[in-house]
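Written below as structure tokens is the structure these notes are about.
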Amino acid sequence: MDATLPILILAIPLGMFLVLGLAGCKMSHKLAGTLGCLGMGTTLVLAYYTAFTYFFSGSPEFVDAAGNRLQALIFNQTWLAFTDNLVIRLGFLLDPISAMMLVVITTISFMVHLYSMGYMRDHHGVYEHGFQRFYAFLSLFSFSMLGLVVATNIFQMYIFWELVGASSYLLIGFYYVKPSAVSASKKAFIVTRFADLGFLIGILILSYYTGTFNFTELTSAPVEGLAGVFQISESTAAGVKSVFESSATPVFMGASVLTWALVLIFMGGMGKSAMLPLHIWLPDAMEGPTPVSALIHAATMVVAGVYLVARLFPLYLMEVSALEFVTWVGALTALYAAIVACTQIDIKRVLAFSTISQIAFMMVSLGVARPEMHEGLGYMASMFHLFTHAMFKALLFLGAGALIHAIGSNDYTEMHGLRKYMPITHWTFLIGCLAIAGIIPFSGFFSKDEILSSCLGNSTVIYVWMSLVAGLTAFYMFRLYYLIFWWKEHKVHEGHHAPHDQPWTMSLPLIILAAISLVAGFIPFGKFVTWNGKSYDFMAHFDWSVAAVSLFVAVVAIAIATVMYRKENPLPEKMRAAMPGLWKWAHHRFYWDELYMFITHRIIFDGICRPIAWFDRHIIDGTMDAFATITNKASRAIKPLQSGQVQLYVWWYLLGALALGGITMLCLL
Amino acid sequence: MEIKAIMLLVPALIMFCCGVYGFITRRNMIAILISLELMLNAVDINFAVFNRYLWPDAMEGMFFTLFAIAIAAAETALAIAIIINLYRSAKNIDVRDLNKLKY
Amino acid sequence: MKQEIGLLVVFLLVFLYDTFMPQRAGKALPVVSTVLLLLATAAGFCSHCLGTATSTEAFAGMYATSPVVCAIKSILNIGAVIVLLQSISWSGSDHMAVRRGEFYELLLVTLFGMYLMISARHFLLFVIGLECASLPLAAMVAFDKRHYESHEAAVKYILTAVFSSAVFMMGISFVYGLAGSLYFGNIYAALSAGTHSLMLTLAVAFVIAGMGFKLSLVPFHLWTADVYQGAPTSVTSYLSVISKGAAAFSFLVILAQVFGSLYSDVWEWMLYALIILTITVGNLFAIRQTNMKRFLAFSSISQAGYIMLGIEAFNTMGLTAMMYYILVYIFSNLAAFGVIGAIERASGKVDMTDYRGLSKTNPRLAFSMMLAMFSLAGIPPFAGFFSKFFIFTGAINQGSVAIYVLVLIALINTIISLYYYLLVVKAMYISADEPVVGTFRSSISERLGLWITVGGVMLLGIASCVYTWIFDLGEISPLAAYFV
Amino acid sequence: MFSNILIWFVVIPLLMLAGLALCRDIKQIRAVAVAGSIALVGLSVKLLVDYLAIRAAGNTDPMLFTGSWTWFAPLHINLAIGVDGISVAMILLSAIIVFAGSFASWTIPQPKAFFLWLILLSTGVFGFFISIDLFTMFMFYEVALIPMYLLIGVWGSGRKEYSAMKLTLMLMGGSAFLMLGLIGIYYHSAPAGQSLTWNILEIVRNNSISHGWQCFLFPMTFVGFGVLGAMFPFHTWSPDGHASAPTAVSMLHAGVLMKLGGYGCFRVAIYLMPHAANELAWIFLVLTGISVVYGAFSACVQTDLKYINAYSSVSHCGLVLFAILMLNTTAMTGAIMQMLSHGLMTALFFALIGMIYGRTHTRDIRAMGGLMKIMPYLSVCYVIAGMASLGLPGLSGFVAEMTIFVGSFQHADVFHRTFTIVACCSIVITAVYILRVVGKLLFGPVQDKHHLELTDATWWERLSTVTLILCVAAIGCFPNFFSNLIRFTFSPDIFAVLGMN
């Protein structure tokens, strides 16, 4: 495939960022917004075209004779050569997951661009301060995210990984006058930075032993006769493992070095994807404008961790313990986030915890995937869920954004009963809720069902666990739904307009995303995205009993939610009173933030930084000053020598001469 | 009784030490000058004795003594002049009061 | 020999001029003597250029000269000319009217004494030179009759000087007793043949003490600060550079020619200890000083320690580095004294606190002072850096581990010295207080003197020909035959 | 002599000095400063182009543009010059920072004296980078140090007298050890019987410093240069010095002068004494490893902008020395890249801090806030500088740090691994203190109502910062160009002695 279009996919958002960033303040708001949308629209078209070509052209560089999908290096340019082998290249790797991600990112990003045209202005149509900057950052983010998914080597991924982190930082802190936004952005950056430290060390370990950064050399084998075309290969991954095993120290602290590397790399993923215990930044990140939450903190950036594991999946397969680590981190996070989501009152936070929980689903799915079981169904399910989740979660967030824009608050206690006022928002939000709850035929049903199927294939414990979480998901989403749109009639405050649906720029994305959420479940994902490129019909692995159970669980959960929240009633209060401890802990998110606060402030700041700063000023610098002080003291101490008395002068003179002679005499003796 | 070199050298040394002692203990500058004279003369004795007893071939030591005496005289004259000057200015020749310049 | 004769001629001319010219013409005496000495200096250099500066002997070998010695005397001459130049304004003042001539005569006599010290190859001549060089100085220190300090300084100087020469001569008498001769060469031969008795050690210690007094090495230095402070500024500058330079050379002569064979056994370690003491104690005292003259006294004490490094090395490189060091030191120190003298004459202030804000009122003087300080501290591209670097290089050429340690100690001391030199710079440039000394215009002679010294400070290092010239001179005579 | 392009790097500043001495008013002074610094930038670009052309033509000499003129013949001191990729990079860096610094001190009081000292300082810096003779190198090194005293003392702020004195004395203390080390090297520079030399290339060729002497001289020179490179525990001059220095001086000092330390450590200590470096590296690795995290931790709790940046410099420069001591091509390349990167971004930082300080008259981050609203241009630049400092890809910090980490990780033993990982931790701590400052200073509500009346950057300030930002971005976006420029130097024969790659 010609490299021009793929380069443009990256270049247009970058160019938009530069143009809007440098010249934005000289432009009118409208022009800036239009430019941003146009740019993203073009990127969208190009990305769709590229993905379409990849999946459907049947070109030999994309699919082989047996129907296996291949990895194609569209281009790969040296960027920084550390050594002859360790070279960072910037390139474009087209394979099933990156093509799929291109579609997801550009779609959501375009929707958000469009949506923000409406969202980022007030009811009088006045654009927000920094509107141009907002579009510049959005473009920067899109560029970074696209660069991340098409990375040809792990270091390129790391580079863009950092860039998405930075653009996320900038966007969370968009309202920089608000202290909470500033601290949220700081928190997000630092927590993910900490995770990236693990990622970096993992990369260093991996690259040291394997001598390469390239995914194609780590996980796939070249296809003969075609330059730059590769096929996922277990034997390459096995070769990598044997490199580790034949090294001088294959085991470090009880685990193989490869496991360490993979777990450390996964740590990066945990940070970006907000897995326990590095999840604390994501709820706070909701301080950013809602479209940003939809794009970055629901649909794209936060799934980068999942994408990372998927990218290195063949390597993870070599170390089952690493995969199990992934599974359990995911499972714990899923449950934790679901419980917390049940108790939050800020709608964006509920959605944020829901996101954490759903990403954890994807992680679990990857963790339980085994090639020998349903042909690695979990991998496909994970990617499928990533896709559908992106759509319906973006939908939910944008819906929430519409609500917030209309009400001017994040708090659902100020909403209630909005269904009559905002019908479009209501219906699309409902579709999103049904999708995430896993009701047939909405997209979430299919993807979640496959995840549960693959869990069952791996371990019953995980299956039961995740089913429970799925039930909780349905419960808290419908709790949210009812509390926003039902519960009691909406009171319109005097002097305020009644809330109403938003302009087309905001409604259109909702409708489009709702439509996708409705039908996306029917995409035969197994045909497109599988762990090794061999396509299969996932219906062959579809387990109706699992589907029935999960549907049952979801329906029951929705029913409970309906009973509790459809109409104003004391039941929720009773529930809360029934388990005060659990409620309190869940409401305070199990005090993770307080724990981190304690670690950072009490231990790191007060326990390390301050003592070090004190030590530096008083001990180290004090020592240096002490040299000066000692010299001065010595100077003062020998002052009496120069007493002004000639007789003493002579006395010293004589003493000196005699000592000189005497000591030399003694030495000579 | 034969007079040995050591019998002259020891008194010279004692003289020198007396001079030093005088220099360090006396307060009157004139007394100090006298002490200095003692020291210089001790040196002269040394030279003379060494020449006479150890190296009688040449007269270097004797000549040195002569010159040393002359130099000592010059020194004393100069010192006296300076002391007189000081006396005019300070009305005092106590060496321990010379302590304006110190530290 | 020519230089001595030339100097004597200058002395006589000055003397005759002073005696027979009328009172009015006495005003011109400073200029006349400066010019005459300048001519003598030029003649000395001419003899170098013409190659007539050869090795000769006189007085039955009691006196010897060689190209190196001539060069040393020329270096001293240059310093003396600058001192005279800088003293023109001071000695031109009215209160000096009756004693003007004496100052120049005494000064020329001391210079003659120094020549003798350097050229002497017999202790008798050496002692005569020594006394010739130090006794008139006492009179010069006492020159400022109006000030009590001048008298106190003179008394202190004469008493300690006589004491010191007594001890020194005591040492010589021991040497005589052991070696049987006062000729350097004979003593050398006798000492290298025999064993090292304890008396010899004491003799060496006494001789070193006597010379250490002239050089103000610690602990024989205690007179220095008081005398420098009390003496008239011109005398102080003369004492601190010319007298010290001459003493350093003659010290080297004695150590090499007389006690050369005792180097590693006896005096290497004595000197080692003295250098450490001198540099350190000098620095420690200098830190606290506020009187500029006293401050420079302690600075010059520690500089003497650095000069001694060249002797401690005891090789050709050390000798040349030392000569070069002294030359640079003359220029740097005289630049500093030139500024001090000018300011003292104009305002009567000699305290460091009075130098505050000098850069605002008298920027050129402040600049000259700063360059002098930088040069003394060894900051490139000024000459002091080169001389310091070379003296360390020369010292390390000796090669033992001990010398590395010594140089390290000396280097660490340069930090302390930098501190107090910077204090002066700080007072002049950084202090925010109101300037104490008002703007004034210094006399032509002072300015000329500063131009010369500052020019020297800037160029002596960068223009490598100076060092190369000195080095080539040093190359002529191998170590064992210095100055013969 | 003047046909050699390198000589002009000293001649131009000297001409500038002469020109400045003749100037009468501030306009002339500015003209001289700007013309001179543009000439220097132009010259260094030409040098870069020529250098690359010669290398491209296949010349593999360790140094190009070499020349040697006898100076002190008896001591074998020559004015020997020559450059390799590292020096070229450093010269380029210096020229750019001098350029930016000139604009940053556009309105300095007493401009004539200020620029005189500043240019004298840069004379020393350029002289140092072009020298390959140890004596001239050392001389220029000291020439560069001493103007700092007056620049800080006269034009500084706060406890300027104390800081200036401390800085000067500590740096001179380092150079005391250095001088001993250099003289020691000189006396072992050639096998017995051959004439000694100060020329680095000849010393390497002679390879006659015995192992024992190396072990003595290596620490001397390394510590000597290390003091200027802000090596723990000799870094304490840096916070005070930077805090008191005027803007352009901080820029030059952190941007260029501290690089002299790292450059010297490599060029003298390691290049000439590889065996000792190999044997004793661990001691200094521990020290520099400490200083990397130590500086970063200290920066976290400072409230004075300049202190934060000074400690950050301790951390970053620690990384430079750390990488140099890893003794392999990749890490050393990273070290030089880090020098470039740190030089540019710290200069940028100090420029911005100076500009902010010039407006708000405080550097206490607690007393400021919300500057983004008041002076958006400066604030955006500050964010960019911060991002460069915390290693955002696309800016210079990232490539340098990554090169260092990858290079350091090539050592497989536990000791090196541990310290590499410790050094890696600095990326997190750096993020903490950078974001803390950015959050407090630029974001949030405006703290002081008086600040609302302040103006944004003037054109000369913009020019100064834009230059630096462009350079930071250039390194960040096209690292391979710089990496190749530098890396060539390491490939031929330095590590041949050690059998390393």
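We just call them A, B, C and D in the order they show up, numbering each chain from 1.
Assume a residue touches a chain if its C-beta (ideal position, glycine included) is under 8 Å from a C-beta of that chain, and two chains touch if they have at least 3 such contacts.
The model shown is predicted, which means the values in this text are computed figures rather than measured ones.
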item: Pair sharing more residue contacts (C-beta pairs) when B-C is set against C-D; value: B-C
item: Chain located farthest away, centre of subunit D as origin (C-alpha); value: B
item: Chain centre separation (subunit B, subunit C; CA means) in Å; value: 27
item: Whole-Å gap between the CA centroids of subunit C and subunit D; value: 42
item: Gap in Å, rounded to a whole number, between the CA centres of subunit C and subunit A; value: 77
item: Subunit B-subunit D separation of Cα centroids, rounded to whole Å; value: 65
item: Per-residue multi-chain contacts in subunit B, two or more chains; value: 23, 95, 98, 100-103
item: Sites on subunit A at which at least two other chains make contact; value: 628, 639, 642, 644, 646, 650, 654
item: Two or more partner chains touched - positions in subunit C; value: 155-156, 159, 163, 167, 225-226, 288, 419
item: In the complex, subunit B residues that touch subunit C; value: 16, 19, 23, 29, 32-33, 36, 39-40, 42-43, 46-47, 50-51, 54-55, 58, 60-61, 63-64, 67-68, 71, 74-75, 78-79, 81-83, 85-86, 89-90, 95, 98, 100-103
item: Contact set on subunit A toward subunit C in their complex; value: 628, 631-632, 634-636, 638-639, 641-642, 644, 646, 648-650, 652-658, 660-665, 667-669
item: Contact set on subunit D toward subunit C in their complex; value: 71-75, 77, 135, 138-140, 142-143, 146, 149-150, 153-154, 160-161, 164-165, 168-169, 172-173, 176-177, 179-180, 183-184, 186-187
item: Residues of subunit C touching subunit A in the complex; value: 155-156, 159-160, 163-164, 167, 196, 198, 201-202, 204-206, 208-209, 212-213, 218-220, 222-223, 225-226, 265-266, 269-270, 273-274, 281, 284-285, 287-288, 416, 419
item: Interfacial residue positions of subunit B with respect to subunit A in the complex; value: 20, 23-25, 95-96, 98-103
